[in-house]
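First chain A sits with chain B, and in the next complex the same chain sits with chain C.
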Partner chain A sequence: MRPDDHSAPQPARPTPEAQSGLSGVDPGWAWAPYEPSPAIPWGVAPAAHLLRRAGFGATWQELEAARTRGPQATIDDLLREPQSYAGFAREFEVQESAAARSGDGTAFVTWWLRRLHQSPWPLLEKLTLFWHGYFAVRAPAGELRLMQEHVQLLRKHAFATFPALIGAVAADPQMYTALGGDQNRRSRPNLPFARPWLEDFTIGAEGATASALTNLARAWTGWFVYGGKLRFIEREHDPESKSLLGHEGNFGRDDAIRLLAEDPATARNLAQRLFRAFVSESASAPAALLAPIAERIARQEPMVDVLGTILRSNLFFSGHAFGQRIKSPVELTVGLVRSLEGGMPTSRVAGELANLGQRLDAPPTMRGWAGGTDWLNSITLAARLKLCLEIVRGPGQYSVGLDPAKVAARHGFNSPDTQARFLLDLLVAGPLPESAIRSLNEAGATSPRPLRSLLETIVARPEFQLQ
Partner chain B sequence: MKPMNLLRNLCVVMVLAGAPAALAAAKAPSQLIPEQATVCLEILKPAPLVEALLSPAFESRLKGLPGYENLVSTPQVRDLRNAAAMLQASLHTNWQAIARSVLRGKAALAFGGGNRHLLVLTGDDPALLQKLHEIALQVARSEAEKRGESEQVRSMDYEGLTGWTFNGKEAHTLAGNQLLAASDAAVLKAAVDLRNNPGASLAERADYKSAREAVGPEAVAILFLDLQKLRTTPQFKAMLEGPQANPLACLVLAEFPEILKTARWLALGAYIEQSELVLRAFSDATPPAGAAAFAQVKPGARGLAPNLEVPRLIAALNLHRDLAGFYAAKDTLFPERTSGLIFFENMMGIFFSGRNLTDEVLAETQPQVQLVVARQEYDRTIGVPEPQIPAFALVLELRNPDKFGEVLEEAWQKALGLVNFTRGQKAEPGLILDRAEHNGSRITLAKFSSADIQDRAQLDTRFNFRPSLALAGNYAILSSTDQLARDLLDAAKKVSATNSAAPATTTSLARLSGAHLAGILRDNRMSLVRGEMTKKGKSQQEAEAGMDIFIALVGWINQANLATGATGRGQMAELRLNFSKP
Partner chain C sequence: MGSPLLLSLAPSVPWLLLRAAARGAEAPRQDRVLVVLQLSGGNDGLNTVIPFEDDAYARLRPTLRLKPAELHKLDSQLGLHPRMGAFGRLFQQGQLAVVQGVGCPDQNRDHERAMLAWQTAAPQPDGVATGWLGRATDHLWETSRPSAPALFVGDIPQPFGINAARAVVPSLRRGQEAVLFGGEAGSHGAFQDATSTVPGAGDNSMLRHIKVTLGEGQRSRARLQALAGPGSTRASYPAFGLAEDLRTIANLIRAEVGIRIFYVEMGGGGIGGFDNHANQIGNHCALLGQLSESVGAFAADLSRDRLFDRVLLMTFSEFGRTAAENGRRGTDHGVAGPVFLAGGSLRGGIHGAHPSLTDLDAGALKHHTDFRSLYAAMLEDWLQVPSKPILGRQFPGLKVV
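And now, the complex of A and B:
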């Protein structure tokens, strides 16, 4: 395709389908692999949608590669570890360890943000961030090393089966430190410690009866963190028989976690969370629609396959998904800078993200960031807009070397019309109404710095807040 | 609008003027600068500076900079070298001769409010200047045509001179052997008007004349600041208000904020004295009676003792400060009761068992305060931490060491106990308290155990600290390491023996060693590089290159010595920079 060829039909605006809800959607059609069709053709817009959901925005080069390779091959690439990842990961682990060792919480978040911005495997980072919001614990004061190891553990098991992941998380000292595991003693099992494992991480609040909570806490007794290491103290473990989810036995921690992870309710809850994170926040998915995904989780398929099913699906490329999520502050800023091939002074940006409600090392609750419309209120909306404008105005405090004119020219967009189209394709979920495009063109035409002005107008549009 | 009015906010001016015989017809640059100038940097004797910059020694220094080869192979520098080669070929001479000719006379450059600026550059060969301009004009025309903006390169005649612009905004002209280059046409017209007719120039201003007189004829350059105008700018206002929010800044800066608030002008003179670059600050301010009295040396009192010399010294700050007087005036000096100040007072109340901080604690110290920073030598059997933090110490002189020494020791031990308690609450390893002797002086020290540490190559940051209190004679040394405390005890003994003191007008002495500062920067290179990467969004390669150049430049300074204190000539401060041999 020539750089200025934008005549390919764009996917329809999602609004009508999204408004019609998901109750009538056939699960068989929904999760079947998407094949480009005249109704929903493959092109720049669906490729951008995929790369925004499976990462943090895309450069024009990445968009073009995706457009050329087609949806299924692109998703294969997204799920597969890139060759350059091992070296990248080694380098970042050294830097993150040094930041954690320094005891400076800001430095730790700063390196994490830099990783999100530069990772050659964005889907891994996206999924790690999802799990961080799923097993949402904060970094206790002075325990950054544990937090770093926790995030690294989530990253290592991100694509594994759910039982393998939660099994590893259950042996993570950070979870004990953050959830009060040191108070869980044989003489007095700590129910608040057991509660999130039932209510938030597995079967949900409905199944979290007093008996289940007590028996889970009892099964977990004996584990303590000393000097940052998890140790099992036999005499503190309750050796009596326990009853959990209809099973009886002398369960220990690992048995209990296995029972919870294998329960069908856990699979249903996880399917719902995945749907919200990767498909849509605007509509609640009926259980019947999510049943095929929940079944895959229950069959202990690796997450790489479960997520692959979601990303490849008709539903993912339909109007039910297009523009149906509000960008988190991290997605908003990292995506903007990444798409425009700029550098990011992450220590400054980290502070602004905290003001917008997303401090990476401190999820607000045990259920992580609520997301969706919770990101927006009159104050954060103004602050999001201000931050985006600061980023694109450059050179400033929040971006380095971000020059839309140079990026557009590098990819062969030299006329004002094609440059406008280029920026819209890169940054906005789905096409804008013609009236909006006219007003964008007018903004560009009357400014001494037309492309910057156009960019400022784009990031100020409501559509830019969506993905 | 009159052109002069347009210059109202002119901010910085820099002037170059030429060899007296050749430039007799040219006006001094300061005579071409409108009187509204706010800041003016004027190079009065460019020859020594130009020769130093063109010397083989400087060239070899530049070539020795890390990444020099990479730098000169960038497309921008390659273009610059090609341009220089073209100039040399066109003018049948070398670029050093061109530079000497263009920069031979006095020089001045001015920047102003709203980014207005004016450059006056006086060469010694009008024909050469003309040829250089013709070449630059050709390049500018060619570049503008490439951009499709050829109309931006144009000229206009004014008062018998031809003014040019290369980008539609800047404006410049050649007037004999002078180049006048301005941010815009209005500023240039104002300069031309002053050239052709007598007018109100900077040179005629009484405060500028006073400043020139203060810096003296031996200065090679002068930076003149109109403080009355600068004080109206928000940035300067914020800078003046800074110390009021920070008691420590207030203590260190003493009378300086008051001078900047009341003086009409400030001048910095640059001098070259015995291969040292010396900068001296002058002003017309007479600090109001009572302002920063805590920093003034009382009649008959001894002046500042010299800086304590310790091995691996990075920096030392030696202040004449009456701490009790300073704290007694706190409601005037820093009236805001910040949470930090309240916390400090509460802690002092605990450490000193409820004694009155001003009268019963600070009044026990002499008005001599020293801060010392030095590199550490780590015990390899313990290990090396990362990052490596230099050792630092506060040295006080006690009025009644026999009585107050124990009070101080008790407070010190309480502070260490509090640190241990707080760390214990967070399940962090605590300090082991110990006593030691050094040449008959006792040291109370505390250290972390490294017995259980497996990887000693990169110890935790805490291993930078072995907090120590040493008492010897009148001296009380509070140090971050016992090593520095021991070195200071040795240094104090030598000072007592010599008993030399600075002039009574000196209120502060500071020293910085470039080699040791570069050394500590080198030791922490990767930590600093990491900071650059995340703070400025640089790649590792860019951050490393920048940091290596910065460390090399710091290493160029052998020693920097700063002395402050008002003298009869209006001198406020003197900074002597001694450069290391290439």
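And now, the complex of A and C:
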């Protein structure tokens, strides 16, 4: 027996008050489309919330556009492939392949960061990162090319139905090899290979009985990697009948994966993960609240519609979601630079990401990054603050040409008061306490470079870690 | 925390007083610390702990054999390498344990796979997603929040042994101690402002966690800076990379920043410096000298502050080497090797017999002690965490603590 790696990580235990906060929420109200109201009017703050969650922060121009177009039209745009995307993707894929072939992990991550920073379709990248944490394989040393192809595959199917996505992942030689598929033989089904497909990717640990594991591994027999491609060899396939989730039949790989993907337990688990990634990390949602989302997944709606439902919802535009997530290191850094229209110090950030716990080329386990409060300990949080301060500090080692005064002026904010308001609207989720505003004013008043000092104080605020 | 004024006086007050001041009314923490030192490349255990009375030794090592007179004798049969004087002294003081013949069933002789086996605590490491120390870290993280429970110190990418599923284990590059907890940026007004914010009733649970974590980081930074201030008594360490890393670790232990597991490496990672297939003797002498002197300085530093009894340092290497030298004045990949434990409150001495030099496994010394039994002792008897969920099953712990 080997150490049990598949149990962790679980979502952080919610505090009692956070839990009770969601238990009374009516699912019907929660997932109905949000309409601006006197209680929660549409404006810069909810628009910034949307663009942080559905992307990596927004420039002032993007915020203004969202404010003008309103929530539903803005979400339509976010979900739709922009015209410029195809050209962008072609150019980046060439560079990413070259970086992956070089075998240099930092170059690989650097190009990924560039993509996150520059993509005209941020929501696709956001969802791809979500899937990268969902099917979180680690590239074997020196095999970044496989990793890059895997991520490319996730990107290609990110908005598809879940059965289509997991079907493509199951046919991915990178996954197969990384999970130990090459040791799965007709004479000796490899249960550890089958385990993550059940426990992590579909029905969860409760359903992963010895019988389910054996039958799934048997269904998968006959596949081998030759020349980097998966090939099926009939005589190596176990032809006997298998039993999975109450179904009997001579299942092959694709049949078995489809059965698992279409199971209601899979939909419930995926809904929980989506909720945590897009709505809130501070509380786990009661099953009844997530039921409408799980039902959509179970009905095999494409993810573009499932995610659309989440983003358009009353719950998403409510206090249950505003500021209820901790930024991942990638969201923190890319978001900061993007909002302020600066260049991305990609190789510096790529190096720092490992320290902050988010090496994009090496997720910690198959369940990806635990996230939430697990990002932060006494060392990593201080390192995040330090990095953000360095990025905005202006001239220096990591200077990327961020000039808050210039950006503010570009958008027509010329007085100190309006410039301060501009930076707060752009960068901070939710209102700051009175004491914070006072100290921000002091920072501005006493500094020879008031706006720069203000910016430094904002990115060091605890609230800046939230989104 | 205690008064900042007292902290600024740190260099002139004895450490114990300082600790009391820094902690205020709180009882001093008595957390035990585990330091794991990876020797990369496969250390030649037979020329590290030498059975000098065994005739087979001289036969197996015509050019590499070490002269009995130059060894640091542990008993009538065994001696340490001539360059390991500091280890010899620790042994005499009862602060060094030598665990002989450590390995695992079906040990692989490939560097990467053998290292992974030791790091994951799985003889067949395929598909194991976390290191054994990473799993221990995840366990500690549940109660250590918001302090980082573990840290890797060194210049190579973080070793897999400390890869955790949940907790983020930071790495600290050699000599960069001053950047921890924000470093210089910590004195920036914005940072000060941020860390002085107090959790409020209206905060959501995320924001509360952030504020508490900021406060803890700032306290750690202040303690570390107070200890590094001008006039503080700097312990003397030799000028080796490993010594530098251990000095950093000693400082962090002294500053009580909550880190329970430190991981440090010697040999440069990858196919490391201990991999001596040819003309081994000079390089091996240098490495063992660095190891012994660095750990010796670390022990002396911590002992002076009466902290060594809270520390246990464990060395390991991915495999031992062939008993016979290979005709090129070197040795090839083997199986079992010795593990050293150093600390102020362990059961010093020799644990287990030296593996036979005649009953070999394809030319290499056989193991008789499973590394998981050693790990079980580190986890249960030292860190006081349950070993079964971390090692996969219950192993009988060695009685070394």
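Following the convention adopted for this analysis, the second predicted complex is superposed on the first by the 442 of 467 C-alpha atoms of A that agree within 3 Å, B and C clash if a C-alpha of one lies under 4 Å from a C-alpha of the other, contacts with A are read in each partner's own complex, and residues count from 1 in each chain.
The rule we apply is simple: a contact is a pair of C-beta atoms (placed from the backbone, for glycine too) under 8 Å apart; a residue touches a chain by one contact, two chains touch by 3 or more.
Source: prediction; values computed, not measured.
Residue contacts after overlaying the shared chain place A:W111 against chain B, while chain C stays out of touching range.
Of the two partner chains placed by superposition, only chain B is touched by A:R101; chain C is not. Contact with chain B, but none with chain C, is seen for A:R348 once the two complexes are overlaid on the shared chain. When the two complexes are overlaid on their common chain A, residue A:K229 makes contact with neither chain B nor chain C.
Taking chain A as the reference chain, the count of touched residues is higher for C when chain B and chain C are set side by side. Residues 141 of chain A are contacted both by chain B in one complex and by chain C in the other.
Across the complex, chain A meets chain C through its residues 1-6, 8-9, 14-15, 17-18, 138, 141, 179-180, 183, 192-193, 281-282, 323-326, 354-357, 364-367, 370, 372-383, 385-386, 389-390, 433, 435-436, 439, 443, 453, 456-457, 459-463, 465-466.
Note for the complex: chain A touches chain B at residues 91, 95, 98-99, 101-103, 107, 110-111, 114, 141-142, 227, 342-348, 399-401.
Within the complex formed with chain A, the chain C residues making contact are 112, 120-122, 124, 126-130, 132, 135, 138, 141, 145-149, 151, 157-158, 163-171, 179-183, 185-186, 188-191, 193-194, 197, 200, 202, 204-207, 209-211, 213-214, 216-218, 220-221, 257-258, 389-393.
The residues of chain B lying in touch with chain A in their complex are 386-387, 426-428, 458, 460-461, 526-527, 530-531, 533-540.
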